[in-house]
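Please find one structure pasted underneath; my questions will follow.
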Amino acid sequence: MVGARGGLKLQGLVKRFGALAAVDGVDLELPAGQLISFLGPSGCGKTTLLRMIAGLEQPTQGRILVDDEDVTDQPPHVRDMGMVFQSLALFPHLTVAGNIGYAMRIRGVAKDRIRERVDELLTLVSLGGLADRRISQLSGGQRQRVATARALALEPRLFLLDEPLSALDANLREQLQVELRLLQQKLGITTIMVTHDQREAMTMSDLVVVMNAGRIEQIGGPLDVYRRPASSFVARFIGTTNLLTATRGSDGVLRVAGREFAVSGDGVAGDVVLSVRPEDAHLALEAPAERNALPGTVVFVRDLGEMFECYVDCGLDANVIVAGSPRERVQVQQGQHVTVSFPAESCIVVSGDEHA
Amino acid sequence: MRVLRWTITATVIVFLVAPLLVVAIVSINQNRYMDFPPDGFSFHWYGELVNDVGWRDAIARSVIIATCSSAIAVLIATPLAYVLRAYDVRLAPLFYSLGILPFMLPPVISAIGAQVFWLSSGYFQRIENVIVSHGIFFSTLPLVTISLAMDQMDRSLGEVAQTLGANPRTTFRTITLPLLLPSIITGYAAAFVLSLNEYIIAFLVAGFAVETLPIKIFNSLRYGFTPTIAAVAVVFIVIAATVFTMFAIFGNLLRFLGADPAILDRGREGR
Amino acid sequence: MVLAFPLVMLAIFFVAPFAIMIAYSFYRRIPGGFYEPAFDVGSWKRLFEPVFLDRAAFSIGISLLAGAVCIAVAFPFTFFLTRMRRRPQVALLILVLSALSLSEVIVGFAWSVLLGRASGISNILVWLGLMDEPRAYQPGFLAVLLGLSYIAFPFCVLTLYPPLSRLDREVTEAAQTLGASPWKTFRTVVLPIMRPTLVAGFLLVFVFTLGSYLIASILGRPEHWTLSVFISDQASFNANVPFAAAMALFLTILSLVVVGVVILIESRTRDAS
């Protein structure tokens, strides 16, 4: 997006708390105008990274540039941003209007101008007419929207969200995910969202940054990250996957449990780990083919109506999971002998480290 | 179990109420000398409170001391509590204990300390001495109430204010202070009541020149009893009971005293 | 720094008096009413006279007793209180709080009337025909104990109230489904859980009553006067500030020692159980 504000550059960011490095060397260049998710398990450093961007934590090393302006040493109250906290942190002693208008009030903006803008924002987040309510009278979803409106009051160039929907129940969360995303697209504002929920990241993001132990594992669009995980960590963290250990024989051929496997994009020498998504694997009753197939016994069937999952013991470390829609359902029972096939183009080579 | 429950509750109620009742009866006794059954009833001892200069002055003095010293107590406690909580001072526990210490020890110790201090300063037996000494001694209460409130305050509130452009001073003024106000008021009220009733510090510091209400009451007891004392007591009790009842009606008394919110709701359903 | 102001105030008005008090305790007493700066351990020596040691032992003793009595009554009372319906609970708490806001001198006065010969309990008993003639129960040991308990009781209740109200009811219910009678549940479940709070409450009453001046003066004969009474009388009427200072410091040390010992015993037995 030409002319959009909020292009972010993170250079060599490190944050240490005592001996612990919460963020251990992050270099990132993020485009303006997009919704970017920092995704990872708890303790991976994503929140620390966000707080450094906000100025609530000082980096131990590294620089932060917004639109090529070095903001590393700026305290939070002079940075041009709006932030939504996990606890929402709405001011309990102010009304809805008081909360949303706070940023303007402390800058001395005229009362009627504040009122105008507050009404604008309330309409934007579909809370029109609730200006004079007390915070304690609002529902979870309404509070979330107030927090959003408050952060966006002065049209900041960065919109930062720290697990903004984690306090809501599942249905409300999914609804608000869509709302937030639509809002972001409408305003075209550069948005960085921290979440541990990969489905949330997949739903809302233009770009996903997967983090682990203070480092970035992979950056890419949601479907890229899903279909072509760069490591077994990413493969396991995003959705479920089957990880198959393949050894390379002296003839250069990859074998899983003794059976030959062809894979997509194999440029690596030696032993590898393959990731195959459950929905890409297939169940069949016939004997296994020569390549990319394993025999096994059905351990468990999960028929959820809208989809099914089948756990098959193929003699590997973990059960193989095959998933699919009801239409593809091959009628099997526990204890039955089946074949699981893994199409070559769905076998992704991920880095060889099992313990990501 | 039932029997035990009712026995203990009833005993405690009788125990707590008995002196209150006695005092009330004495205060409306016709005669100066107490006898039982009482001779006749009269409210003239209450009139005495208003008409007698000695009593009026003592009440006025105590109220002035309480008002000013509680203000001092809050002025000491608020910045102390804020800085200790907000800035992660390494010696914070030490300072906190130092602040609590005067209260944990027998008051006579602080009283002597204060007396000795003022004596050596050459400026003594004046009402200001009592005000300052009370202010310092009772600063513990607001310190505790404000620290507790700060503990329960969401840290993110200050941070969010900063992201909205408030520098630390503005944050304190517009967010922290308003949210701490209830606990500041509670601390003030507690210090006020305690100062009003306090005897030993006031006595040792300026007792011969400044006669506060408790000093006057004690002197009256020693040197000649009048039911006016009982009238004072009844007034105190009525004011206290009224204040707490209003608090209970308009506020949430149980939660204020630390009850578990979940249990409160259960109690309501069980009606 | 903003910290400076309150710290300075605390330093001047608290630390300084303490330091001055220590200095004063070594001053020499001039017979006839005053004292001069000196390094005289005369005051400290007097602390070891039997008269004084008796007084100290009595003070400690009666405060420990008051602590035990208060906790023994306040604990079950507060326990039942927290399980009442909302209205009665609020009403009782207002009663407790009202008792709390009475000043010590008024409490002393009230009990002196209640236990006196002119219009107290004994008069009611005579009127009911249960006694022959009215008796005064004050000044006396029991009067002082009752007075001390009265002023300490509300504090006890307010300290025990939050933890008792938060005590999970389902814990006691679980114990009963496992076969424990109400008494056994109380002994093996409630008591151990509440133990630290009970000890804290006990110590609170101990320290609080140790510092009481008015109750002992009003409701006790001279043999019942606590150290606090002794000290303030020395400081005011005898103008023997050095001795008063020495006693006050002694009282401080004594209280800290007793508190320390109780905490030590509590943590030892807790580790043992």
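Note that the chains take the letters A, B and C in the order they are written out, and that residue 1 is the start of every chain.
Criterion: a contact is a pair of C-beta atoms (placed from the backbone, for glycine too) under 8 Å apart; a residue touches a chain by one contact, two chains touch by 3 or more.
Note that the structure is a prediction, hence the values are computed from the model and not measured.
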item	value
Pairwise touch network: line, ring, star, complete, or other	line
Label of the chain whose CA centroid is most distant from the centroid of chain C	A
Innermost chain, taking as reference the mean of every protein Cα atom displayed	B
Separation of mean Cα positions, chain B and chain A [Å, integer]	54
Chain A-chain C separation of Cα centroids, rounded to whole Å	60
Separation of mean Cα positions, chain C and chain B [Å, integer]	17
Chain C to chain B touching residues, read off their complex	1-3, 5-7, 9-10, 13-18, 20-21, 24, 73, 76-77, 80-82, 84-86, 89-90, 92-99, 101-114, 116, 118-120, 123-124, 127, 150, 153, 158, 161-162, 165-166, 169, 182, 207, 210-211, 213-214, 217-218, 227-228, 231-232, 235-236, 241, 244-245, 248-249, 251-252, 255
Contact footprint of chain B on chain A as seen in their complex	54-56, 75-79, 81-83, 85-87, 89, 91-93, 102-103, 105-107, 150-151, 153-154, 160
Residues on chain B engaged by chain C in the complex (per definition of touch)	1, 4-5, 8-9, 11-13, 15-20, 22-23, 25-26, 33-38, 76-77, 79-80, 82-83, 87, 89, 95, 98-99, 101-102, 104-117, 119-120, 132-133, 136, 139, 193, 196-200, 203-204, 207, 214, 217-218, 221, 229-230, 232-233, 236-237, 240-241, 244-245, 248, 253-254, 257-260, 263-264, 267-268, 270-271
Chain A partner contacts - residues on chain B that touch it in the complex	154, 156-157, 159-167, 170, 174-175, 178-179
